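Below: the structure, in structure tokens.
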Amino acid sequence: MSLGDQLLQYLFTGITIGAIYGMVALGFNIIYSATGIINLAQGEFVMLGGMMMVYLTAIIKLPMVVSFFLSILIVTAIGAAFERAAIHPLKSPSVITLIIITVAASILFKGGAMFAWGKHTVSLSPFSGEEPISVLGATILPQTLWILGIMAATVALLILFFGFTLTGKAMRACAANRTAASLVGINVKTMVLLSFALSAGIGATAGIIITPIALMNYDRGTMLAVKGFSVAVLGGLGSNVGAVVAGFIIGIMESLGAGFISSGYKDAIALVVLLLVLFLKPSGLLGSRERAEFKKF
Amino acid sequence: MRKKGKIVVGVVVAIVIVLLLVGPLSIWRWVPVLRKPAVAYKVGAIFAVTGPAAWLGTPERNTAKMIEEEVNAAGGINGHPLEIIIEDTVGDATRTVTAAKKLITKDQVLAIVGPSRSGTTMAVIPIVEEAKVPLISCAAAEAIVVPVKSWVFKTPQKDSHAAVRIYETMKLQGISKIAIITGTTGFGDQGRKQLKKLAPELEIEIVADETYGPDDTDMTAQLTKIKASEAQAVVNWSIVPGQVIVAKNMRQLGMKIPLFQSHGFGNIKYAQTAGEAGEGIIFPCGRLLAVDTLADDHPQKEVLAKYKKEYEAKYEEDVSTFGGHAWDGLHLVIAALREVGPDREKIRDYIENTKNFVGTGGIFNFSPEDHSGLTKDAFEMLTVKNEKFVVLE
Amino acid sequence: MLTIRNLRSYYGRMQALKGVSLHVEEGEIVALIGANGAGKTTLLNSIVGLVPSLTGQILFLNADITHQSPREIIRMGVSLVPEGRQLFAPLTVMENLTLGAYQRYRRKEKSKIKSDLDTIFERFPVLKERRSQVAGTLSGGEQQMLAIGRALMSGPKFLLLDEPSMGLAPLIAAHIFQIISQLHQQGTTILLVEQNAAAAFKVSNRTYVIETGRVVLQGASEELLHNQEVKRAYLGREYKEVWE
Amino acid sequence: MGRKNILSLLILAGVILALPLGLGNSYYLNVLVFVGIYSLITIGLSLLMGYTGQISLGHAAFFGLGAYTSGVLSTKFGVSPWLALLAGIFVTGGIAFLIAAPALKLKGHYLAMATLAFGYIVFIVFNQASSLTGGPSGFGQIPRFRLGNFLLRSDVHYYYLVWTLVIVVLLVSLNIIHSRVGRALRSIHEGELTANIMGVNTAKYKIQVFVLSAVYASLAGSLYAHFITFLNPTPFGFHFSIVLVAMVAVGGMASVWGAMIGAALLTILPEYLRAFQDYDILIYGSILLLIMMFLPQGLFAGILRLIKKER
Amino acid sequence: MDPILQIEKLKKKFGGVVAVDGVDFEVNSHQIKAIIGPNGAGKTTIFNLISRICPPTSGTIRFKQHKINELKPYVIAEKGISRTFQNVQVFENMSVLENVMVGRHCRTRSEIFAAIMNLKRTRAEEKRIHDYSLEMLSFVGLETKKNEAASNLTFQQQKLLEFARALATEPDLLLLDEPAAGLSVPEADEMAQFVYRIREIGITILLVEHNMGLVMEVSDEVIVLDSGQVIAEGTPREVQNNEAVIAVYLGERETENANHTKS
């Protein structure tokens, strides 16, 4: 393999990993913008989506398309139920309380999945075959194209939802100014519920589409959550475009790091870059420092 | 009203917690009625039942429960019921140490089987050595029994034997330059060391040496590097699910060179999960997974067939070599108990002198110099054909 | 239209309202003036349901709305233009306006909303011009117009305005007051909180003067304009002597 | 330091002295050794999070740095465990100082992320620097502490050693809390900007308390290394950082006593839950969730409030 | 008399909004100077610039002839400027006495190692902090509340507590941000008395206030600010008679441009 071919392959790999991270980060962002909460159980939504899909297709033997939407629906409901049970009753909780509550929830989701589906790693057949597609000497799996396509579709749907529907606008309004939102008659608590449901749904989608290449087991969520959180912060919390861009940045850095420096230190390389960005520009790559400053006053 | 309700719930939670707090420290100790009758032979088992290595610990736990039922249904050991106390390590060294101390000092077990993982085993070795309790580990790393520790045994085949078998197979196929890729866990790390140590002896040159983390989702970057090297084969040494991804990624990159796996591949689920990409993988393994292809007069045939049949009937899942390691360890202890009774030192001596013990992993011949008991012949080289394990021709 | 009886409210530890009673008749424009911290804003926030700890009674169109949620109060036809405008800064002008009609979209009054929007654009041509601009980048006066426009989008029978001239250049403030008079003439009942007393007197029918949580003066705005007591409240105690 | 605290310390010391007599069983003592080790870390975290209001999701790394520095120096370079412990404190404190200056400029979730990333990087180094750390397989035969000619080897020895240090660290921490510095720390939590305007060098104190809490964690790590005598990276990962924060939050952040209660509860609880086999994870998660939902100030404050109400 | 505080061409922009637009003024030692103006005129922003909550966009601030606009807030406190806040910023979960003791921080020096060892001189210093703070508390009349949590105080008491805390830093210049806001008439009168008493100790005061009674009663000089600019400066009497000021306050703003004068 020539160096150029290798480089292209690293890029493809980075894009694949980055798309996965980006999808998880999107879920983080939606809840964060609507509520200011970092939901550390976000990774568990991803895991639940993947496991549910495998369960529906392999055990219940439903058709792929039906299982796809049904899994997303079920996980969305789980996300909503979680908000009602554990977040809704809280009165002005602190950041640390919320971190522990979402961690406790992730323990419960993990335990539930373990009991429901066991501890084995499962796989899902790719949506359209496993024959790798060769591009200029590098290869890419059809499933990666699915991931990129579905991610693009998700981002597009999110843009449509937040930009063109009343409910989407109302959610953004809540994020921008809660008092004003209730002044125009928006039920802020409903929007919080919705944000949890939505990010659970997006997490589940991510879980379903990555399972054919990354596999899935009950214990996967935490790591995905950590990566997703890093990406969300790097992109600037609350910025969806930032999440996608940062996802690709981290993914490509990991794959280049593994290829050219050291596979053992690849995660560390990405994290060092993240730290440097935080130290130099505390609001993330695409987060607005000025807006953050305004919020303080 | 709501506020009052919350306070009540708070009080209840507080009380429950106080009870829980007091529980392990007092109830068992101060209320002798709750103690188990002393006549039972107690054997400890420490497995990674939950946590990242749960798929390893679960078949071990299942096997232990199955054996306990079986033995007790047959009237116990010389009339004494067998009690296997199973503790979960969560795959964490600290929890394992505490579990071992609990078994040794509180439950006063006669011997311990487990832990499941190499790292956790290394953590409990000083404890059992000091407390003088026989430990039969279900983890593979060679360092567990090399150098020999007087109270520590292990049932899985040795890493070095696996590496030698892999290298020997390679030489038969005319391969001399290879790439290795290992998981960053205790097992993967030990394997990497053995592979690198034994390579010169067997005239194998390692031209690429890559690793991946237990939670990595994609290894194409490492494999691209390997592809660019002049490796004629890849050895992937790990127990984590990532080993399946390696196979899939190799297929994606169109790498036609053979993939060798370690004995950590010994679960048919992996072959199934890998699907097409798994075809043709070669790996060393005990004969449990290829029992159907064994000749009827093979000395292990009966033991293997019986374990496989019973396990699969009881738990409705495929048998794996990991459960087999627990089977071997527990039956060694049971045999010792049957012969020498409840005495830790005598049990140790008995195991150390066990010869020709037919287990799932092979025929064990322990000696004061060898606490592993198996030779490299315990391994059969298997390959994957149509999502099944068959003996490599 | 609106009757408030003996309203008391707490803002944290501080009692912001200490028994306020007032009323607004249909078609009136009533001003509420007083120094900073007198409780004017708290009063308006209490009416729209933003202040949770209240005693006393607020009646709107003879219905008790004291402990209703903002949503229900808005649905009944009350709308507040809050102090400091409280726009959705990262959203566009058009989105801000759309969200103003949030409750009505829920009730499917699309055609009515459309015509209201046209009216608002007629009244504030600058908003039409900048409809796809982000609200946070508007100038102060434009922001105030947008805040008023957003409040009007809910089709209110009763409009509450909290310091609409705050921080605005005089000419622009004057323009805002012009708009307020127009709104009144077109039949909207208005309760206006203002620091700029003279301007408030000019546009309003009646005025309440509020001081540290109590109504201390009330009457027709004409009369109050010449009341020395009011001047005292505004330019200081000894001002009376200086003035005379 | 108030009379109440001195009294509490004395009671604690009495209980610590007496407990082994009642327990006898080395398993319980072993659990209590871990309670002590973790208490050292949570006391520091309570200073950092509860008093100063700065979150850290990376303290397992400092615990690990202490453990590895101490373990590696004493095992591979023959340094006495006590000296190795000291070296651990300097190394960890130094690293904490370097990371603190830029990290503590961040707030809230960004600070959480920065500490998490730092912890993760350290974890990766433990795994990769195998010539020193033994990599993922770790290394054993770490020497135990010695007092003169007396070798500390049993659980009882370590129990007394660890708890003596806990008392010392408690004393030190209470002294800080009830000093000019402690007041400054609390004022940072209450309102960083206001404190700064009132003349408190907030950046300096944030760094100091961060380094101090790292030093406590390092001390705990050294004790851990010479107690277990085997080290591999798994106990020092992200998961344990979260467990530490959970301990502090469950016990009650705003008090060092609460932090100790949390350490005790979350160390002993899993031992108790062993009886529930696989279900332990569900019960553990539920208890954590319920405590945080209904007693967000932690058990210590919750119980105190209940007692006060009864009166 | 020397000016203790000199402000030159001070300007602050927030995004596109100019909050302070080229302000110049001086404060002389031992004087009480008030800044008045309608809401949003930029008064509090000037305070925030002096105590360096945010950096000025341009211009300089000199205190005792030294430029201070690049110093950190705590250094400014050490130099001798302290302040109170418009919406009261007490440390709610600390006791009343502790709040004041934090104010004493910048005049004392026991550091963390001394604290750990609990040395004799540390204890002695702690005692001095305690006594001085108690003195400040009795100055504002809160000594009976010393062990209460600050959040349990009434609004007025919290304002007094802020006074005590600010005084504990031994300031030469005290910035008072709307000391009478939210207070009843008798409470505001008490507040005026305090302002006098503080000046008597020799502290220069710069005051932002809406309560005109209080401003006219206590201040030596008044600056009137509108839309970020100084529109008048002088004694209370002069300012009260200034056409521009009357226009701003009673709303005849249309005439304002004609009378943009300084007295």
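A, B, C, D and E are the chain letters, set down in written order, and residue numbers restart from 1 in every chain.
Definition applied: a contact is a pair of C-beta atoms (placed from the backbone, for glycine too) under 8 Å apart; a residue touches a chain by one contact, two chains touch by 3 or more.
Each chain and its UniProt protein: A = Branched-chain amino acid ABC transporter permease.
Every value quoted in this text rests on a predicted model; they were computed, and no experiment measured them.
Asker: Give the fewest steps needed to get from subunit B to subunit E, where each step moves from one chain to a chain it touches.
Answerer: Tracing touching chains, the least step count from subunit B to subunit E comes to 2.
Asker: Going by the stated contact rule, which chains contact subunit B and subunit D alike?
Answerer: A
Asker: Could you pull out the chain whose C-alpha mean position is farthest off from that of subunit E?
Answerer: That would be chain B.
Asker: For the interfaces A-D and A-C, which has the higher count of C-beta pairs in contact?
Answerer: Result of the comparison of A-D and A-C: A-D.
Asker: Taking the mean of the CA coordinates per chain, how far is subunit C from subunit D in Å?
Answerer: Result: the chain centres lie 54 Å from each other.
Asker: CA centre of subunit D versus CA centre of subunit E: separation in Å?
Answerer: Their C-alpha centroids are separated by 42 Å.
Asker: How many angstrom between the C-alpha centroids of subunit B and subunit A?
Answerer: Comparing mean C-alpha positions, subunit B is 34 Å from subunit A.
Asker: For subunit A and subunit E, what's the span in angstrom between their mean Cα positions?
Answerer: Distance between chain centres, rounded to whole Å: 48 Å.
Asker: Find every residue in subunit B that makes contact with two or more other chains and list them.
Answerer: Residues 50, 184.
Asker: Would you mind listing the residues of subunit E that make contact with two or more other chains?
Answerer: Where subunit E meets two or more other chains at a single residue, that happens at 15.
Asker: Where in subunit A do residues touch at least two different other chains?
Answerer: Each of 114, 264, 267, 294 in subunit A touches at least two other chains.
Asker: Which residues of subunit A touch subunit D once you look at their complex with the stated criterion?
Answerer: 32, 38, 86, 89-90, 93-97, 99-101, 103-105, 107-108, 110-112, 114-115, 222, 226, 229-230, 233, 237, 262, 264-265, 267-268, 271-272, 274-275, 278-279, 282-284
Asker: In the complex, go through subunit E and note every residue touching subunit C.
Answerer: For this pair, the touching residues of subunit E are 15-17, 38-41, 151, 153-155, 158, 178, 181-185, 210-217, 227, 236-237, 240-241, 246, 249-254, 256-257.
Asker: Residues of subunit C touching subunit E in their complex?
Answerer: Residues in contact with subunit E: 12-14, 35-37, 136-137, 139-140, 163, 166-167, 169-171, 173-174, 195-200, 202, 211-212, 231, 234-239, 242.
Asker: Note which residues of subunit A are touching subunit C in the complex, please.
Answerer: So the residues of subunit A touching subunit C come out as 166, 169-170, 172-173, 176-177, 179-187, 291, 294.
Asker: Provide the residue numbers of subunit D that touch subunit B in the complex, in ascending order.
Answerer: Those in contact with subunit B are residues 23, 25-28, 30-31, 34, 127-128, 130, 135-138, 140-141, 153, 155, 224, 228-230, 232, 234-235, 264-265, 268-274, 277-278, 280-281, 287, 290-291, 294-295, 299, 302-303, 306.
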